[in-house]
Structures are given as C-alpha cells and as structure tokens.
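Below, each structure is written out as structure tokens.
Common to both upcoming complexes is chain A, partnered first by chain B, then by chain C.
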Partner chain A sequence: MYDVLLNSPVSAEAQTLLPTVETMVGVLYFGLFAISFDFVSGYTGYLSFGHAVFYGTGAYTVILVANGKVPLLGPGTPFMLSLLVGGLLAVVLAILVGLVSFRLSGVYFAMITLGFAQVLYVFVRGWDYVANNPRDGPAVGPSHVEGFQIGVPGVDQLSLAIGVLTGDEVSLLGSTLSSTAVSYYMVGLVVLGCYFAMQRIIHSPFGRVLLAIRENEERAVAVGYNTYLYKLGAFAISGFFAAVAGGLFAGFRRSASPENSFYFLVTGDALLASIIGGFGTLAGPLYGRLFDETVREFLSPAGQGGGLLPYLRALLGQETLDAAVVGNETVGGLIDLLLNGHASLYVGIVFVLFVLYVPDGLLGTLRSRVGGTFAEAVPARIWGDDR
Partner chain B sequence: MLRTQGLTKEFGGLTAVDDVDFELDHELCSLIGPNGAGKTTFFNLLTGTLTPTAGSVELRRESDWEDVTDAAPHETASRGLHRSYQVTNVFPNSTVLENVRVAEQAHSGDARTFWRNVDHYDEFAERAHEILDRVGLTERADDHASTLSHGAKRKLEVAIALAGDPAVLLLDEPNAGVSSESVDEIRDLIESVAEDYPVLLVEHNMDIVMGVSDRVVVLHQGAVIADGPPAEVRANPDVQSAYLGGYEPGSLIDGADAESGPDSEGGTA
Partner chain C sequence: MILEALADFLTVSELGGVVVNGLAKSALYVMIASGLTLIFGLMGVLNFAHGSLTMVGAYLGGLLMVVTVSGGTPPLTRLALFFVAVVVAFALLSVLGGAIETTIIRPLYDRPPIYQILLTFGLTLVIEEVVRIVLDVYGLQPISDWQAALATKPQFLREPVALGPVSVGWMAMFQILLGTLTVAGIWAFLTKTRYGLYIRAGSEDAEMASALGIDVRQVFTVVFALGIGLAGAAGTLLMWDPTWGASVPLAAETLLPAFIVVIVGGLGTFRGTVVAALVVGMTDAVTTWWFQNAIEFTGLPELVLFLVLVVTLIVRPQGLFGVEEVGGH
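Right, the complex of A and B next:
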C-alpha cells in the first residue's frame, strides 16, 4: 500500500501525510497497550495511571528471557512463550496492585496505581541485574542474535521473525515484503488476536457487569455483584494484554529503557490515544494512536518519515524560502520556527481541542453519527433497515 | 421472611435506629414516620450498606433463619433481599432492558463467564422482558434509561429490584416525586407485586399507605411507636403526635413544647 502510493504521482503528498511502515508497527503495539488501558479505564471507569508497569513487565520479560537471565527459561525460549510468560507475570502484579488499589475509587485509585508504578520504575532503574546500565535499560544480547518469531512455536514454516534488521523478508507473488513490512503484518496478527479476545470479553456476561460498574457501582452492588472481584478481574486481564503489547514492543525494537516502558508518561500517551480515539470504545484507542503518530510524523523534521516541513521546503522553492517576510526573517526561517521540532506542542493543542469539542473521541463520535457500530450501521444504510 | 432483634445504629451521639424488633411475613407492611425518623437508615442496616451498632438481622428463604447482620450489600442481595431506592439509582446509559437484564444475571452462576457472548444467555433477557411487561415498560425496552420520564424511572427502579426472584422486597418511596396522575399506576404495581413477594414499603402518601397495607409500622426518632393494621395505627394518639408534633387546633403552644422536647433530648444523649 505504502509503496504503491509512494510510486504514484501524488508521492510527495503521500509521503507527507502517511506514516512510515516502521511507525505503523509502533502504532500497532502501542495501540494494543492503549486498548488494554481503555479496557479497564474506559469500561469500569477506574483510571489505571500505573498501567505502564504492565507494559514494562512484558517488554523486560521478553528481553531478559532472550538474554538468559530468567531462571528455567533459556535464551532459546520461543518468543510466543515469553510473551505469554510476561503476560502472566503482569497478571500476578495486577492482582497484587489491585488488591490494595481497588479499596479506593476515583482520583485516589489513579494516584495509588501511579504510586505503585513509580516505585517499580525507580526500582527497575536501579536494578543492575537486568542490564549493565539499568538507567538505559536492557538490550537483546549475543545470546539471541536471531529475530523474534511470531507464529506457531517450533514450526519454522508457520513462523516469521520481526525486527527492522533481524526480521524475515518474504517474496510473495513476485513482490518482496521488507522485514519491516513483515513485522507489520506479524505484529498486526497478534494485536488483532488480542483485540478479538478483549472484544469477546467485553460482550460477555462478565463484560456487561463491568459496564454496570461504570454506570452505577452502588446499584451494581445492590443487585448482588461483588464489584471488587470484577474490577480485580478486569485489571488482571488488562494487565495481561498490556504486557503482550510491551513484549511486542521489545521484540520489534530489541531493547527497552525505563523511560519508554515503565515511566508514567507512557501511560499518559495511552490516555491521549484513548481520549482522541474514543474512551470506552475498544478499537478507538488504536485509531487514536494512529492519529497521534500521524500528526507527530506530519509535523516532524526531515529524515523522520517525511512531513510538512520538508514538503513545504520542496514545494515553495529556494527563492520563496529566502524572501523576507517580517524584518530579517525569511519565509524559510519562519517555517522552521513554526514547525521544526514542535510536534508535541501541536499534538497537545489537538488533545485540548478533542477534550473540549470531541469528548467521545473519533470512534465514539462517528458511531453516534451513524447510530451504532459500523458493522451494523453500514449494511443497514446500504440494504435498508429491514434486513 | 425477615426479622430484626434489638437493631440499633448510632452515629456519634445520635441514635438513628433505636432497638428495633421487627418481623415481616408474607405481607405488605408499610414503614412510615416523619423525615429523619430513621426509615432509610433502617433499610441500609437490613441490606448491609450500614453495619449495626447492636442487634441482628435474619432472613428466611425456606425454613431456616439465616443471620445476615454483617453480610455485605452484594451478599444480602444475592440471598434475596432486594431494594429500590428513594432517589432514582439506575444504570443511566444502558437500555431499560439491560438495566433489568444485568440485575437478573447477577443471580445466576454465569455472571463471571467471560469467554461466551452474552447473547448466548437468552433466559436473562426473557425474564427481563417479563418483568418489564409487568411494570409496563415493554415499549421503552430499547431506550436508554436516562431518557425515561421520572415516573417511568420509578417503575424501572422497582423492575430492577424485582429481577432475580427476591425473597423480600424493600421499596423505598417508589412514589417519590411522582405526579398525581401516575401515582395510581405505581400503586397498582405495588399491590400486584405484594401478591407474589413480601414487601416492606416506605411511603409518605397516606392514601396509599392506608389503602394497600396489611400492616403499618411507625418509626419515630429511630424507635417503633406503633405497629398494627392501618385503621388502628391511624387512630393511635402517639402517631398523631409524632406526625403533627402534638398539634391540635387551638393548642399551638403545647405543640411547640412537644416538638422541642424530644429534640433537646436527642442533642444531649
């Protein structure tokens, strides 16, 4: 897709607007993390501000297993298994954190989970067993030089490795998929599987109880639900998928640092994606992350996937760029001043605008426009309501 | 079906519920009393929302009495002690059907199932439809609860309490704030429900209380001051004094005394 557009007449525009494949892999695994965050926060109404801990747990588990630092699991452990192990570790951690945290509600719940997360963040930063320099975090070492394989463990034909440098390339019908593109599809496969699993849970009797808790916890108790256990269960499930997301992140990047896994701003990014995409809609956070990353890349300087800045420079030509506008400032200088390295600033403004004017997020707003989910509304539009 | 012995609740120096012995059989019993008499506190003690300072609450389903004094609200609810709320307390952004369905689901062993689609469990939705039919909300089943009128919300409030085969129904002012035209509908609903379940009703509308009740219990300052058939309670001078503060035409001064007396007592206790 991306390649086709780049070779088309609108290639300059396409490169400007579309994120690169590498970015898209990030959108997928981080999108899964944002979905798992939304699973507990959007559906039960309890903001889990320490959610990055589970993401970090998954990421570190994958790398430490690959480095042979986890007892019983050698460096040769299949990637799919270490994803699962990371997930289960996160479940245990979530239950421990949840046992204490769910005694509180509202902002106090958010604060206590944040507290737990920061304790673990500081701990991981100083734990020199995980890496030579724990502040920079671990990287996959020489004990596991090959790429991490997604697929059926032990069956080579049904597995493909991910990673920019270590991933497999696939020749299919005369065209070659780059290692990044293969990573995109393989990570996408896992993310899709996790999404369907969570979708199933949301639409189960258990999921309906979670919605009832968000709607009115007092009444949910009064009709006979032990909401404490349900919240704990939701938290554990959410922790599991957050860790899978973290594992995918580590598997693709082959390194992790406390700052991009355990740190509370990672949760902040998930919250951002959830709010932009639609809080309380399961797929919303993925679209939110896509939107967020696209805007960031669009506004980033040259050499990071193309964006508005190099596009304008190329479009306007050197003469226009050198023309003076205000005093000594040239057009080029002005563009530089406005755009260079200020992506976060603009994303922040977009976030504020979303909270103010699109409180239901992208997906939530679109759904209320078409009156239902797309899977139901679109056929109804085409064939009429009386299917 | 339900009984309390020596049930007492103190908030600091204030005794909200004072040594109440009460028993409910299969009947419609009304609990009345002036504002602040302790009716809602009594409800909260029964359901486990509040823990009593002293005394016990027991519930009987078939034969044996079961002690539920220290049970949490979700435990008393799953044992069959269902309540409705004085201030409407429903799931506002769910459909009317889902409000009742999720309450029905609470009384099955399937609520923790997370690997199967909810549509697999038709029986909950069926039961919910029956209940909606009974309270007269069938036509609104697919609307969001927040879009209902106040009168319809009061019916939904009762419908949620009806879900899951209750042993005892505690209805806390089902008529609160309902316009006079709709009062009759809710009155009919109370009467029809009382044929199937033991009902303890808190109500301020005396026409309803005297009309539908088998028995009336009067609470005043946390204590039971009268207990008996409606006509007998209505004639009871203590009840008249509690409600009117001893007011009789032409004796305003006595009335003021009668009202301030118990208040100062409560303050120093």
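Right, the complex of A and C next:
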C-alpha cells in the first residue's frame, strides 16, 4: 500500500502524511502493549503505572534466550516459544507484584506498581549478566544471526522471519514484499491474535466482573465476587500480553535498552496512547498509538519517511527559507527550530486537549456517537434495528 | 570484606560524614517534596509536572546567576545574588502555577482523580519540550548539566570544612541550612498564619471549610501556586549541586524521589514528609557510602530507595504519618 501510494501522483503528500512501514510495525507492537495496559487499567480502574516492567521482561527474555543466557533454552529456541516463555515469566511476576499491590487502591496502587517497576529497572540497568554494558541494554549476539521467525515452529513453510535486515522477503503475485512489510504483516498477525484473545476475555463473564470493579468495587464485593482474585487474574493476563508485545519489539529491533523497555516513561507512552485512543475501549489504544506516532513522524526531522519539515523545505524553496524574519533568524531556521525533533511538544498539547475536552478518547467518543461498538452499530444502521 | 567495610563504616569520621551528607540529602529531598505534599494534601492532585517545574526553576535560577555573576564577583555577593535568584524563581513559578491551576486544572476537580494525573503528565511533555526549544535557541545541551550555572557557585562552597574529626563539604552545610529554613518557613506559614489555618481546614474537609465561609477555590489556587513556587526554589538550589545540576533529565530525576518521600511520609501530612525526607536522605547517604566503598552495584542507592517505597506501602499503606482517608480515593 505504502509503496503504491509513494509511486502515485500524490507521492510528495503521501510521504509527508503517512508514517513509514517501519514505524507502523512499531505502532503494532507498542499498540499491543497499550492495549494490555488498557486491559487492566481501563477496565478495572487500577492504574498500573509499572506496566513497563512486563514489556521489558518480554523483550529481555527474547534477547537473552537468543544469546543463550537463559538456562534450559538454547539460542536455537523458536521465537514463538521464547515469546511464550517471556509471557509466562511476566505472569509469575504479575502475580507476585499483584499479591501485595492489590491490597491498595487508587494513587497508592499506581505508586506501588511504579515502585516495583523502578526497582527492576534499576536492577536490570546494573546487572552485567544481561549485557556487557547493562546501561545500554543487550542486543542479539552472534549466536542467533538469523531473523526471529513468526509462525508455526519447526515448519519452515509456515514461518516468516521479521526484522529490517534479517527478515524474509516474499514474492507474491508478481510483486515483492520487503522484509519490513513482511514484518508488518507477521507482527500484525500476532497482535491481532492477542487482541482477539483479550477481546474475548473482556466480553466473557470474567470481563463483566472487571467492569463491575471499576464502576463500584464495594458493590461487586457485596454481590459476592472475590474481587481480589479477579483483579489479580486481570493483572496476570495483561502482564502476559504486555510481555508478548515486548518480545515482538525485541524480535523486530533485535536490541533493547532499559530506557525503552523497563523505564516508567514507557508506561507513560502507553498511557498517552490509551487516553488519546480511548480508555477502557480495548481497541482504542492501538488507534491512539497510531495517532501519536503519526503526529510524531509528521513532525519529525528528515530522517526516514517524510514529515512536514522536508515537505515545507521543498515547497517553500531556498529563497524563502533564507529570508530573515526576526533578527538574524531565517524562515528555514525558524521552522527547523519549531519542528525538528520537538514532536513531544505537540503530542503533549494534543494530549492535554484530549484530557480536557475529549475524555473518552477517539474510539470512545466515536462509539458513544454511533451508540455502541462499530461491529454492532454499523449493521444496525444499514439494515435497521430489527435484524 | 563486608566485615572490614563495616568496621570502616563505623569509624567516627566515616559515620559522621555519612550523617552530614544524609542531612544534606534530606534537606534537598524535603525541598523537592514539600510543594508536592502541600498540593496533594489540600487538593488531592498528584502533580506529575512537579519535576518538570523543578527543572524550570533550576534553569531560571541558573539564568539569573549567569546573567548577574561575572568572574570577579566576590563570594558573598554571589551568595546574596543566589538568595535573590531563589526568591525570583519562587515568585515567577508561583505565578506560572497559579495560571496553570486556574486555566486547566480547575475544570477537572469534578472528574475522577486519575484525570489530574493524566493532565499533569501531559503538561510535563509540553514543559520539557518548550525548555528544549529554548535551550536549542541558546545552543545549550539539554542532556548534560549546565556548566555555566554551576560555575557561578562561590569557590568556598566547593571546599571541605572540618567539624572535629569529620570532614564535610561547605555545600552540604549550605543545603542543610536552606532545607531547615524551608521547613521552618512552611511550618510557620501553616500553623501561625490565617491562610495556613485555611489550608489545614481545607485539607481536613474542603466542603465544611467552604460552608464556614472560606473561599476554597482561592485557597486551592494559592496553594498550587505556592507548591509550584517551592519546586522552583528547590530547582534553584539543585542547580548548584554537581550531582544534580540544571538539565532536562533533572525533571524525572527529581520527580521520582519526590514521590517516594511524599508516599513514605503519608500523602498530605507535612510532618510525615519531613520525617520521610530524613529517612530517605539517610538511606540514600548510607547506601551511597556502601556503593562507593564495598558493593559494586551501580544502582544501589536508587534501588534501595524504591525498595523503601515498596516496603512502606506493603507494611503501612497510608505512609508513616498518613491518615487513612486522605488521598484514599
């Protein structure tokens, strides 16, 4: 799709507006992380501020397994299996953290999960077993040069490797999909599967109890539910999928650092995505992340992909760029100053505006506009309510 | 080896040094956290932008010092200018805090408390990016400490002083002095002035206070402004401390310890915050000594601080001096 648009007459505009395929892979795995964050925080109302620890666990497990540093699992372990192992580790961790944390609520719950996560973050950052330089984090070493394969383990025909440099290319119907595009579809497959699993859980009786906890926990207890166990269960499930997301991230990028996996600001990014997309909508955070990344890339420097800056430069021409505005600052200097690498500013402003004026987020607002989820509302619109 | 280190640790000179350093760290922590605790105690707003505003304070204070101090300025003038910088940073950030409260936080009081966390979190992104843009204009490095501001520190604050067998830095003494002044000032304000009475009444029961004719909305604004102002004053002090320094990452570096102090002390009690700052500061100093002398794990002090937070929350969820109801939402 992206390639088709780039070769079309609107290529300049398309390159400006659309995120690159590589970014889109990031949107997918981080979107999954944000969804898992929403699964526990949006549905039970307990803000899990240390959620990054599960993401980091998944990422580190994948890399350490590939480097042969995990006992019993050699470097040749299939990627799908190490994703699963990472997920299970996160479940154990989530239960341990949850056992003590769910005795608290509100701000205190957010703070204790933050505390646990930061303890692990500092620990991982100083543990020289995981990498030669633990501060920079581990990277996949020479024991695993081939790409991580998503698919059915052991069956070569049903697996495709991901990664920008290490991924497979696929020729299909006369056109070739680049390794990044293949990664996009394969990561997307896992993310979609995880999303359906979580969606299924949320719409089960179990998920109803989670909603009851968010709306009125005392009443849920009074009705006879052991809310503690339900919360713990939700936390564990959410931890599992967060770790899968982290594993996908590590599998695609082939390296991780404490700052982009365990640090509390990673949770902050998930929070950002959840709020923009819609808190407690499950699918919303993915769209939130898409929105977030699109804005970031639109305003990012002229690295990869397009963005506003190169587009403006090309559009305005050199003479306009060199024209002086204030003092000795030129137009080019000014747009460079305001647009080069300062996307967080605009994302932050958008975020504040969302909190103030669109508290339900993109998907939440749209859903309340059409009255229900799209899967229900759209057919109802088309065929009438009397299906 | 551990035993040897322990014997070394327990000598008067080492232990004395650790205690003084611990007090200095406590003074910094109490300055960082007091604004946060005032705001939370009264309004129930956990202000995520506190660290960023501390960072802004550090740059503002640094800017004033860099502009006014030249190479030949005598040490005492520098000190006097420093106090001026503290006051100016306090005043400017108070105004900013008041503006933030009235424009964007006020509409959120009716919503669940999570929205205030979210909003201030968003604010952090905006503030940090604006600071980065401004630094860009002046060609300063956002990540590393602002050396020009550090250089305005008078020479004698860099030198050690002997207190009996114990050798401590003048800077530590200076920090302890400022921390004590801050605590005394806030305590006097809360207990001796009419406005402090309003604040305590509002923390206790905002509805009742407003029923008795106190304009609680105005009190909210003033407390938010004061809390942010305190963050600015703390930032100005941190700007002179080589282990902190004015830099953009200072925001996250101060936010997390401030949270630890406030939570350990108990949300909403000033006394708890002071005690918790002492506990946290001492723990920090002791673990730092052990890290420097015996144990080779780089993150040791930080790790132990977060463990203090976690253990406190497990053993005594409302904090050392917290009352169960305050912030229990």
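We take it that the second predicted complex is superposed on the first by the 385 of 387 C-alpha atoms of A that agree within 3 Å, B and C clash if a C-alpha of one lies under 4 Å from a C-alpha of the other, contacts with A are read in each partner's own complex, and residues count from 1 in each chain.
Simple rule for what comes next: contacts are C-beta pairs under 8 Å (C-beta built on N, C-alpha and C of every residue); 3 or more make two chains touch, one makes a residue touch a chain.
Everything numeric here is computed off the predicted structure, so don't read it as measured data.
Asks: With the two complexes superposed on chain A, say which partner A:271 touches: chain B (first), chain C (second), both, or neither.
Replies: second
Asks: In the superposed arrangement, which partner chain does A:145 touch: chain B (first), chain C (second), both, or neither?
Replies: neither
Asks: Looking at A:81 after the superposition, I want to know if it touches chain B, chain C, both of them or none. Which is it: first, second, both, neither?
Replies: neither
Asks: Once the structures are superposed on A, label A:359 by its partner contacts, choosing first (chain B), second (chain C), both or neither.
Replies: So A:359 only meets chain C here.
Asks: So, does A:47 touch the first partner chain B, the second partner chain C, both, or neither?
Replies: A:47 sits against chain C, while chain B stays out of touch.
Asks: Examine A:192 and indicate which partner it touches, taking first as chain B and second as chain C; both and neither are also allowed.
Replies: After superposition on chain A, A:192 lies in contact with neither partner.
Asks: Please work out whether A:370 is in contact with chain B alone, chain C alone, both, or neither, and reply first, second, both or neither.
Replies: A:370 contacts neither chain B nor chain C.
Asks: Pick one for A:344: touches chain B only (first), chain C only (second), both, or neither.
Replies: In the superposition, A:344 touches chain C alone.
Asks: Does chain C touch more residues of chain A than chain B does, or is it the other way round?
Replies: Counted on chain A, the partner with more touching residues turns out to be C.
Asks: What is the shared patch of chain A, the residues that chain B and chain C both contact?
Replies: none
Asks: Please name which positions on chain A make contact with chain C in the complex.
Replies: My answer: residues 45, 47, 100, 103-108, 110-112, 114-116, 118-119, 122-123, 125-126, 135, 264-265, 268, 271-272, 275, 337-338, 342, 344-345, 347-349, 351-352, 355-356, 359.
Asks: Residue numbers of chain B touching chain A in their complex, please.
Replies: Answer in residue numbers: 47, 72-75, 77-78, 82-83, 85, 89-94, 98, 101-103, 105-107, 110-119, 121, 160, 163-164.
Asks: Could you list, by residue number, the parts of chain A that touch chain B in their complex?
Replies: Interface residues on the chain A side: 200-201, 203-209, 211-212, 215-216, 218-227, 230, 233, 237.
Asks: Residues of chain C touching chain A in their complex?
Replies: Of all residues in chain C, those touching chain A are 46, 104, 107-108, 111, 113-115, 117-119, 121-126, 128-130, 132-133, 136-137, 252, 256, 259-260, 263, 267, 297-300, 302-303, 306-307, 309-310, 313-314, 317, 327-329.
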